[in-house]
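Below is a structure I'd like to ask you about.
Lettered A, B, C and D in written order, each chain numbered from 1.
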Amino acid sequence: MAKQIRTIGVLTSGGDAPGMNAAIRAVVRTALGNGVKVRGIRRGYSGLLNEDIIDMTARDVSDTIQRGGTILQTARCLDMCTEEGQQKAAAICKKYEIDGLVVIGGDGSFKGARALSNLGVNTIGIPGTIDMDIACTEYTIGFDTAVNTAMEAIDKVRDTSTSHERCSVVEVMGRDAGYLALWCGIANGAEKILLPEEHDYNEEQIIQDITENRKRGKKHYIIINAEGVGDSANLARKIEEATGMETRATILGYMQRGGSPTAKDRVYASIMGAKAVQLLMEGKTNRVVGYKHGEYVDFDIDEALDMQKAIPAYQYDIAKGLSI
Amino acid sequence: MAKQIRTIGVLTSGGDAPGMNAAIRAVVRTALGNGVKVRGIRRGYSGLLNEDIIDMTARDVSDTIQRGGTILQTARCLDMCTEEGQQKAAAICKKYEIDGLVVIGGDGSFKGARALSNLGVNTIGIPGTIDMDIACTEYTIGFDTAVNTAMEAIDKVRDTSTSHERCSVVEVMGRDAGYLALWCGIANGAEKILLPEEHDYNEEQIIQDITENRKRGKKHYIIINAEGVGDSANLARKIEEATGMETRATILGYMQRGGSPTAKDRVYASIMGAKAVQLLMEGKTNRVVGYKHGEYVDFDIDEALDMQKAIPAYQYDIAKGLSI
Amino acid sequence: MAKQIRTIGVLTSGGDAPGMNAAIRAVVRTALGNGVKVRGIRRGYSGLLNEDIIDMTARDVSDTIQRGGTILQTARCLDMCTEEGQQKAAAICKKYEIDGLVVIGGDGSFKGARALSNLGVNTIGIPGTIDMDIACTEYTIGFDTAVNTAMEAIDKVRDTSTSHERCSVVEVMGRDAGYLALWCGIANGAEKILLPEEHDYNEEQIIQDITENRKRGKKHYIIINAEGVGDSANLARKIEEATGMETRATILGYMQRGGSPTAKDRVYASIMGAKAVQLLMEGKTNRVVGYKHGEYVDFDIDEALDMQKAIPAYQYDIAKGLSI
Amino acid sequence: MAKQIRTIGVLTSGGDAPGMNAAIRAVVRTALGNGVKVRGIRRGYSGLLNEDIIDMTARDVSDTIQRGGTILQTARCLDMCTEEGQQKAAAICKKYEIDGLVVIGGDGSFKGARALSNLGVNTIGIPGTIDMDIACTEYTIGFDTAVNTAMEAIDKVRDTSTSHERCSVVEVMGRDAGYLALWCGIANGAEKILLPEEHDYNEEQIIQDITENRKRGKKHYIIINAEGVGDSANLARKIEEATGMETRATILGYMQRGGSPTAKDRVYASIMGAKAVQLLMEGKTNRVVGYKHGEYVDFDIDEALDMQKAIPAYQYDIAKGLSI
């Protein structure tokens, strides 16, 4: 028979992402509405190990759905990668009567959730990262906000790029996964998108393409560079030297991680938060919530961590076709 | 053997929606990139019947992906509902050597496309409406922008509602389909969502719920009313009379139809525009592009028009559970 | 010798306005930084009479400068218009050892401040209203945010208005002062601005102007109507009947009162808040802070309430000249 | 007797700034409305020397007031600094019958206008730069938009900075004038503002202040660095090393130059554009339009270039007082 859940803990872990507050709010209110107590764990697993734990009421999450960041804060926690840390964490959960734990974060955070599940604390993961690099789900909390933030910034870069007939190299986040770069590339009508998945970074080719585009009458040229593919400042310098076209680099940086979440991030995060509590109440553990093929689903964490995700190559091809 | 397409026409029809320009741009550039000429038809079917037709180059759609509205404009056209009008439209397509036509709009617009297909003009529909009320697809161009526009406006209403401890009745668009209302309801953390699909509009119940919520300590109370469900001004007046809580109605109106499209609207519209041209080039006709179960797909228009769509009831239930 | 101030009270009164939190924050931190205690009075004068008073620390205003509304909330208070109410309010100030009181609001709120000053409580007013209708100052907290909110909404209305070649009647706030309407009129490039100050509301003239504009090739027509000048819905109906041009009314409503404040509202409100405390510390009372001729200044409240303000007629003329 | 103006030229010069299009629109429509022809000169003085000149109608500036950048584009032009270039420019003005020229730009651009005035072409300057570094005016086109753009980006940085309890070094534009940095410092509630005007850049002091702030309970720490004062990346590294607080640098870059202009930028630019034409029609030359002490004024260009502007030190002091 499924374990009856009396108290749920909730934490956010890894990099913060807009919409995490919507997920926390949904966890808190769904639990309370079903007669389950909620404890908020501050600063991720680090706070769990330090017993940085607070009781949460429905009012504590009032007026938070529209806020960026995470009201529970987050932190890195190397101790949670050790068996000793994991056992301490499980013991603290028991001390605070936390029967079920919702972990909002990425793959690294889910590994901690798996460890706790093995140690008898029921756990459910919710995918939260602006990078979209979680294989089991087509949606991760924060991606939609981050891509809109980056896109709006690049729209502004484009204004000045057009006025001056410049080339602009804009670096977006996504060192290991090019979703942000691909989406901005399409949404901003960029002439070139540099993705970590493509493995074809070639400055000669970029310079040649710019030269050809100018002949076809393009007034400005925007290159979206996923962090780490090319060195934006160097690339800009080389383009200017080779083509004579004034070229500037912009690195969007940490603004991509914040901001009031978009409707999609608020709605999906709310539904995922509610679903996580429902799963705990059904006695489930070691599961991660996802959105796949148009439905909210859940997977075994082990299974989820083994999945592979590939950036859709046809979309990259479409983007190339639209930059003529 | 499939008809070889040499010239593609493109028009926007019905209510405009943010992202239509991204779709037009994708149609134009995908066609041109494949050696196919493009004619833009202005003012929808009405413009087609008036031969309001222009040649389009890749530069004509430069700097348009980020713009609201539709550069081709749109209009109502009753004549296109008549057989005579349809035959005239087909004749004009032939006169202008338009072998394939891309129609961006809603169900009504697709009926025109079907008629033209029957008369020998290959046609592909792209779903464009902020109402999301097209059954064959989980995405329609403009919905994502409209819901974010409405949500951001309601965030602002919420600020003043909280400062004054008021009740606010906010009317969003969606006379026949409550998607905008449902999403805003969840995204804005509304206390009550009035949907056309629910058929349970009950002012007594609303007033009773407000009274109970105030006892539980809610500082403000937001009701999202899908246009046409309740009369917003009357409802506000009745609530104030019955509860003594200061209540104000806001009707968001036409601002929901405009604005620079979100990343999602730009990306999906771009891919759908490219796909529509690919379908025409494969010799397809009488198809509508859709996004379903996580993939870009296409359906026979007749089939698509016969499909039924229901608002997801479980999401409505989740929204209720989160407004405690 | 000037009275030494040991405890300052702060309240927001009348309609809320974005930037009030920046002013509260500046009052709190400037006072604390100078060794003066601060009490926050919730819900305006009403809260003062109900002793809804809290001690405030520097941390209580952390993370508030970017928030719309007022964290101290606001309310109407008829009792404060009576001598009895005013004496009770002064007595409560003394009970709570409030030597100096900062009142953020409009002319009505300043009358209460004057009454309290006469009863021995030193008071300083800060102009806060989105309507700009305070004669002694060229800036009032909230106007800049409100005008940008309205303008951005009207930009969106314009998108759809252009796509459909419609006429749009957009109603903005400002029943007694047309600043919002005038600014939106210029900033949105409206064809017609209806101001309460002009006293020349003439539907025949409006209809005639639309007809002439269409002849000159204007694709759309936007009328900004200051709340109460014309009835927006009726006007829209009459225009459509008379000109045949599809016409829609949009009433922007309460969203104009909320939202994260603009830079100007945050900066000016911060400086005014700091200045209000400085004035109290100098022993001043019955003063209102203003911004005039490029400088932060202060006036006697009696003097300020007697001043008259006229909307700049030359700007209205310029607006007319630009709508050709 | 004043020279009668029959044709006005207009150009934008130097760095582009949001609101320049509103000024262009006002110049075009005010001139046309007064029976004066308008020629648009593309790409600044460089375009003038290359005779890149187009006739402009009232419709050419339709739908431009809300757009970032400059529809006339801009470019650097070293030739215009030489006497030979200036004489060629004057000759081209005469060839195109340009009696009066409106130059939208900064001090460098006004020097070109002065030279042309000396050579018999009547010229009026309009201050356009996001840096606010034009001494004769309290307002320059683009500053208000730029400061709001930067502030909104920093609000987002703050979200993630708070979630992670990080220190953030944010670099804004303004190498020679700290207005953007000062305003963002106040508007974002930054803990530290580094201005070029202060000449007191001291990394030891910054590190010491952070340490003290943390003791007072500050959860995050934001430093606004005007471009060029400190090296943002190095400073971030040093802070992290010295304090152990995770520290990240963000360089906002070229996004600060673009974007749809704010209401203030649209309104002031419109009035300044109209005023520039009025001055030309009155026969004035070698003048620059300004906004000073609450009024639109104009100065002799020589006089204007000699003026000095100092950042308001009391505002910097207030900012320090508010970051407790």
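Note that in this section a residue touches a chain if its C-beta (ideal position, glycine included) is under 8 Å from a C-beta of that chain, and two chains touch if they have at least 3 such contacts.
Since the structure is predicted, the reported quantities are computational estimates derived from the model, not experimental observations.
The chain with its CA mean position farthest from that of subunit A is C. The geometric centre of subunit B is 39 Å away from that of subunit D, both derived from CA atoms. Centre-to-centre separation between subunit A and subunit D, using Cα means, comes to 35 Å. Subunit A and subunit B have centres, each the mean of its CA atoms, that are 28 Å apart.
Shown for subunit B are the residues in touch with two or more other chains, namely 155, 158, 162. If each chain is drawn as a node and touching chains are joined, the picture is one closed loop, every chain linked to exactly two others. Contact between chains, as defined at the top, is found for A-B, A-D, B-C, C-D. Subunit A makes touch with subunit B in their complex at residues 25-26, 29-30, 32-33, 58-59, 62-63, 65-66, 138, 144, 147-148, 151, 155, 158, 162, 183-184, 186-189, 216-217, 219, 260, 262-264, 266-267, 270-271, 274, 292-294, 315, 318-319, 321-322, 324. For subunit B in complex with subunit C, the residues that touch the partner chain are 12, 15-16, 18, 43, 67-70, 73-75, 149, 153-165, 168, 248-259.
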